[in-house]
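Here the structure comes first, spelled out in structure tokens, and everything after it is commentary.
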Amino acid sequence: MREHAIEHRVRYDECDPMGFVHHSVYLQYFEMGRTELLRQSGGRYRDMEDRGELVVVVRVDCRYKAPARYDDLIQIKTRIANVTMAKIVHEYTVTRDELPLVTATVTLAVIDRQGQLQRVPQDLLDQYGDEG
Amino acid sequence: MREHAIEHRVRYDECDPMGFVHHSVYLQYFEMGRTELLRQSGGRYRDMEDRGELVVVVRVDCRYKAPARYDDLIQIKTRIANVTMAKIVHEYTVTRDELPLVTATVTLAVIDRQGQLQRVPQDLLDQYGDEG
Amino acid sequence: MREHAIEHRVRYDECDPMGFVHHSVYLQYFEMGRTELLRQSGGRYRDMEDRGELVVVVRVDCRYKAPARYDDLIQIKTRIANVTMAKIVHEYTVTRDELPLVTATVTLAVIDRQGQLQRVPQDLLDQYGDEG
Amino acid sequence: MREHAIEHRVRYDECDPMGFVHHSVYLQYFEMGRTELLRQSGGRYRDMEDRGELVVVVRVDCRYKAPARYDDLIQIKTRIANVTMAKIVHEYTVTRDELPLVTATVTLAVIDRQGQLQRVPQDLLDQYGDEG
């Protein structure tokens, strides 16, 4: 599975004095999205972390087109864009009733507990790599 | 030192659609307050955590009297109320220009990495305990 | 309806360096719980806010018994404890696999946009008040 | 003034189970940075918002090089990169002891309460625009 969508009800604490979801919160939504995409594919970030494979964000490029508000029901779509030995790239689209609100590309890398860069685990490469 | 005050400039992300600091954020302010009180006394929570002494919150009793807003300069006063072998109790008062906004009592306990309850470390007892 | 339970998958951003849900986050969970309880009863906090009825927290009394971790599936149970002209009191229990993690009592009041205390709206009183 | 740096002590609630500042939190740090840069220049976002000039983020491009941890003392440097009638672009560098941790470019636009795009206010243009 290379793509998955989840629904989310916007929480009050996620919104700012303009009444909009604070722009930093979308990065949390993306993380929810990739957690569920991996779960749908049979994996768990929690298990990776227990094995000492720490997944860290190395780049976020995010464009905000329209705001979401408290109690909105939004869709968060996560798509695998690219997986190599060095990095995992996801693309995200957040929509409300088909209206695009936010799009983003987030690049992940894998490190160990000492902070040393690791190869992307083989099972992710097998599943999502270009030959996968 | 049994009492210490810090100043804080309210951040935009801390405020909700009413324009007020979200009520959950005060618990983060209290944590900032006790971190600085301990530092003023020569200790660091970070060092305790590195030694495997994990400080956890077991109770929060918090009363909200008036709201703080974005960009307000507020004072967070932390006071040691009680320290025993089993728990550490702090009292907090958040004010803006002498106006009381929020008061709270927060009770902490100490656990190890396996989640087992530990004695409050002797140096805290010596410093803040009834005989301290 | 005086009681309602929701499920929540713990997010990575909600957890702290101990690996536990940060204690401040439960206050956000409670807000999610009462939002859904009101929705089940046919109301919406968002509509109240649009009418200028701002619901504010005046007291939180929260006890933490056991931690939740990233990716845990938890249950948040919200119960109406008491509704009067002056306040709305909810009780909360957060559990994981029947294990109680956190319990709390949260007291709400209603203010207008000028910050003046208002009567609890009649429809809430009718529904949840002692005569309701 | 086109550049300003602030110091920040990393809060416990800002850190995740890896022990690192959660990547979403840096967007909040940037907002703190531009708030203080504007204040140093004699303005206040809060006043702009009171006048109905809402400043929204339209793009974030952020690169994470090294992690910050609880209790770290970090520097957040904000620099005006470009101001036109349509947008305000800031560049950010977060460092700890001169070590670069995170760099970012954040693009802002100004809308009114109806969500309509507005010209960047003249005083900001005068101060920071290419002719400014």
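Think of it as A, B, C and D in the order they're written, each chain with its own count starting at 1.
Going forward, contacts are C-beta pairs under 8 Å (C-beta built on N, C-alpha and C of every residue); 3 or more make two chains touch, one makes a residue touch a chain.
All values reported here derive from a predicted model rather than from experimental measurement.
More C-beta pairs touch across one of C-D and B-D than the other; that pair is B-D. Chain centres computed from CA atoms place A at the largest separation from chain B.
In summary, the pair chain A and chain D forms a contact in which both copies contribute largely the same residue numbers, shared numbers making up over half of all those used.
One finds 33 Å separating the Cα centroids of chain C and chain D. In this assembly, the C-alpha centroid of chain A lies 23 Å from the C-alpha centroid of chain D.
For this pair, chain B with chain D, the centres built from the Cα atoms lie 28 Å apart.
Within chain A, residues 12-13, 17-18, 24, 28, 49, 69-70 each touch two or more of the remaining chains. Listing the residues of chain A that touch chain C in their complex gives 9, 11-13, 28, 31-32, 35, 44-46, 49, 69-71. By the touch rule above, chain C contacts chain B in their complex via residues 17-18, 20, 22-25, 27-28, 49, 54, 56-65, 67, 115. Residues of chain B touching chain A in their complex: 12-13, 15-19, 22, 24, 69-70.
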